[in-house]
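To start, I am sharing the structure in question, which I have written as structure tokens.
As written, the chain order gives the labels A, B and C, with residue 1 at the start of each chain.
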Amino acid sequence: MNLTLRIWRQAGPDAPGALTRYQVSGISPEMSFLEMLDTLNEELILAGDQPIAFDHDCREGICGACGMVINGQAHGPERTTTCQLHMRHFRDGDTIDVEPWRAAAFPVVKDLVVDRSAFDRIIGSGGYITAPTGSAPEAHATPVPKEAADLAFEHAECIGCGACVAACPNGSAMLFTAAKVVHLNVLPQGAPERSSRVRSMVATMDDEGFGGCTNTGECATACPKGIPLSGISMLNREFLRGAGR
Amino acid sequence: MAVSGVVMLLYLVFHMLGNLKVFFGPGDLNGYAAWLRTVGEPFLRYGWFLWIARCALTAAVVVHGVAAYQLSRRDLRARPQKYAHQRQRATYATRTMRWGGVILALFIVWHILDLTTLTVNPHAEPGHPYQNIVASFSTWYGGGIYCVAMLALGLHVRHGFWSAAQTLGANNPRRDRTLKVCANALALVLTVGFLSVPVGVMIGVVR
Amino acid sequence: MNSYLDYTVGADLADTSAPGGPIEQRWDQRRFEARLVNPANRRGRTVIVVGTGLAGGAAGATLAEQGYHVVQFCFQDSPRRAHSIAAQGGINAAKNYRNDGDSVRRLFYDTVKGGDFRSRESNVHRLAQISVEIIDQCVAQGVPFAREYGGLLDTRSFGGVQVSRTFYARGQTGQQLLLGAYQALSRQIAAGGVEMHARTEMLDLVVIDGRARGIVARDLVTGRISTHLADAVVLATGGYGNVFYLSTNAKNSNTTAIWRAHRRGAHFANPCFTQIHPTCIPRSGDHQSKLTLMSESLRNDGRIWVPSAPGDTRAPADIPEAERDYYLERTYPAFGNLVPRDIASRAAKTVCDEGRGVGPGGQGVYLDFADAIQRLGRAAVEAKYGNLFEMYQRITAEDPYRVPMRIYPAIHYTMGGLWVDYDLQTTLPGLFAIGEANFSDHGANRLGASALMQGLADGYFVLPATLNDYLARLPSAPVAADHPEIAQVEREVTERLAALLAVNGDRTPDSFHRELGELLWDHCGMARSDAGLRKALARIPQLREEFWRRIKVPGTGEELNQSLEKANRLVDHLELAELMCLDALHRTESCGGHFRTESRTADGEAARRDEEFSYAAAWEFAGPGSPPVLHREQLVFDHVQPTQRSYA
């Protein structure tokens, strides 16, 4: 396959950026999108140019490191992570636009690399259960209804890639925050910190400069792990419940 | 936004049901309009109920508008740089919430000038809402503005109702579908109910 | 020939920190003997933890909870992305919730046996004991393990073990356990107990007066080189499987931290013990950047076969039953498709070497579900393996319900690592290694669902106890920031990076890494021979020389420069590769993941040679290019009798 790529290049956080056009040829449909970029980067290095910087690590869709907006869609046309997107979903001669996640809370570091540390701070403000090592009771002391365990798991699958923020027209982090709040709040182990957790995490989310939720649903559509949109509603319920105490 | 929206939605349902009295003739509708001024007597004085309702609605509109403005400001700030490759994906109803809301706000002003203060009404006879309605909807612009606004209202309610439920924490994975169906049904009923009046006037069922 | 082969043998190494006495009481005894640091004094003691995976994340959080000042590093943009996250299957624990005869003793036994009798009994027994506490700890943190309708934890059996002791969270157990540790760590970061440096990579170790006292690290965004000092340094930097270029490891996993520590004095044990996983998706072409694992559970219902005749290129459906070779069922009738990982992997390589492999390049064998679908129905197969089939189809665009899957072995885990004693301290005082970075518990082969167990045992429970003892004995003597050794190490790091940037040759880091990987895969992969290893040992120094002559790294060191990161990691992989081959060459027996073609039983199976090789090989660095010094730690088996494995 021969492709035209228009990729966002930006030398640093404060440098101006622009879409730059590249031609790549000999792309096999078996390649992943990142392997296609690897191929381009090898050519750029040998030509003495700077390769395109992008975050990636596990390349099997679980670490959450990779992420780019491909033709206006977070992680591209398939509902998966960028590393698991394959070139067979494109056609010979296509022009593909590649941009970084865009959000005030995710400043660009370089090219397609953004700073997502705001997510870490949201987790740090309450996305945990206080259980210092050694303090745990016997695991079977508290049975957890299967339904609650499954609901918790469904939300715990979040990989923290930031596609929800990138896809949201408001740059909102509600789905990310909801995923962690629901995961922990539906478990009996998470109950004691239920109210403080949601209050604190929402406050941090707001302070980090994420936008507000207008329930457009773009986040859940883009989420490679299928975190349900209704999680945001459950977050709101927890918040309203927590605000009263 | 959700709370003020729900207040207005409840009002709209009663407003729409009241409007349908137009199909039973001038007596019914005008009688109903007069009754609205005597509700609550003797605890409330004549017209007080209506003024209380108007105050509450004004408050709801203002709160809704201010909240929308603040939310929009915050949302625009959170995405300072737009994507070069724009791609629309959400439903039309969702995308048009912001400007649809503005259209509805302008319509409310027109609607009050037309049928409450009668400033722009061609008939303009206080105490005779039936005749005023027929007169207004008999003009091409009166009927036209109303119809466009009601379509906008339908779209606004379609996303707004579900969105309010979502914001108030009423949704969960199992309920999501039901809520969406309810939102669509409510939007449809409101739109059809409201549109039936100008359409009735235009096709001559209401004269 | 290569003088590197002329290694010398030094004094035997002994683990002096494990107490004697009954094996069940050793850990209690050790904890009792360990000195404690007064809680009031802990704030003043700094511990560096490098890495935020299961071991590092758990250790950082726990040490901070104890009151120490923790300074932690990860090269990823967030501590949540460490590669532990990709572990699929589960975590073993001797809870015996099934009442199926499991016990600490049995888990201990299975792990020693699974490791082909090349691990240390004391350590493995402690691991089995602690496994029980790990599950309690993780449940308390909110890890959403699979549960039964009664609300109790579900378990499954794994990897040929006869009891059901593997706890799991669908196919994402590693992710859920790591997020638990990450959340505990995040709580400590927010509370100020942990000073977190993300996107910062350790490039060297600072040793002062014979003790590890800090690290030199590079801020990957700004390129700034800085030194961080501490009372002790903990390496939780994972394994070195990426030396093979293609592996199931994350792209950025690397050996730099442990290799630099090795160069500064920590012995490197059993580098040739690498694990190859039999069920990975084969490579699709030269562009392949990494390999993806498919859960081993597929072998429960899938049948493995290749065409009987070499060079048969017909579509699998066109090959009649009589012309198929179900080679595992044929060779190992008792275990069939469920033989252990190393045996399944080698068998696949053998049939492919015979020219009977399938798919691009003939590097693959079929894993066929046609019989299972016929027997159980498509719905049942879908319920069991649906997500795996979907993953396979996404990557290969082939529908495994209709066409047999193609699988091939791939490098997955490295049992070798820095040598540590019972306290998890390396031979360099003050330097500890935990998780996959050390060599401790898995011997020559790791059992499924045991890596997560070991990482968390080390991080949550072992290290926090033993580190106390080290710190309590070490007088608190801060190192002056202007100590000449610090400037020296910083200078060496800066010069190395500058040298990489200065070559300006004509080959990319990836092209060298690919070549190194192929060389190792061919000669130090699934089957190793004297001739092959010697060939590799002759080629590696040439490759290294070529690397320093022809490498091209664009850009500068004062910016985010991913080519520089790759090249710098490759410098260490190129050195480690040589030690791996030497270790493989010197160990002329077959054991676990290490298969020497010369050492086989009459029927071609791996033959262990306990009388000569019942030891861990700890290699001491003796200077760049110089042959290393071998120190043997003799392994003593008082509780488990070594036997030859048989699966026929």
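We take it that a contact is a pair of C-beta atoms (placed from the backbone, for glycine too) under 8 Å apart; a residue touches a chain by one contact, two chains touch by 3 or more.
Treat the numbers as computed from the prediction; the structure is a model and nothing was measured.
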item: Arrangement of touching chains [line / ring / star / complete / other]; value: line
item: Most central chain, judged by mean C-alpha position against the global CA mean; value: A
item: Most remote chain, CA-based centroid, reference being subunit A; value: B
item: Subunit A and subunit B, separation of their C-alpha mean positions in angstrom; value: 38
item: Centroid distance [mean C-alpha coordinates] between subunit C and subunit A, Å; value: 27
item: Separation of subunit B from subunit C, taking each centre as the mean of its C-alpha atoms, in whole Å; value: 64
item: Multi-partner residues of subunit B (at least 2 other chains); value: none
item: Per-residue multi-chain contacts in subunit C, two or more chains; value: none
item: For subunit A, residues contacting two or more additional chains; value: none
item: Complex interface listing, subunit A residues touching subunit B; value: 6, 8, 19, 69, 71-73, 97, 99, 102-105, 151, 154, 169-172, 209-218, 221, 228-230, 232-241
item: Of subunit C, residues touching subunit A in the complex; value: 58, 61-62, 65, 76-81, 83, 85-86, 95, 97, 133, 135-137, 139-142, 144-153, 169-170, 172, 175-176, 179, 182-184, 186-187, 189-190, 196, 198, 221, 248, 250-252, 284-285, 287-290, 292-293, 394-397, 460-461, 464, 506, 508, 510-511, 552-555, 559-560, 562-563
item: Complex contact set, residues of subunit B against subunit A; value: 71, 74-87, 89-90, 94-95, 97, 159, 162-163, 165-173, 175-176
item: Interface residues, subunit A side, partner subunit C - complex; value: 11-12, 28-32, 34-35, 38-39, 42, 44-46, 48-51, 53, 55-60, 62-65, 78, 80, 84, 86, 88, 109-110, 113, 115-117, 119-121, 123-125, 127-140, 142-146, 149, 152-153, 156-157, 159-160, 183-184, 187, 189-190
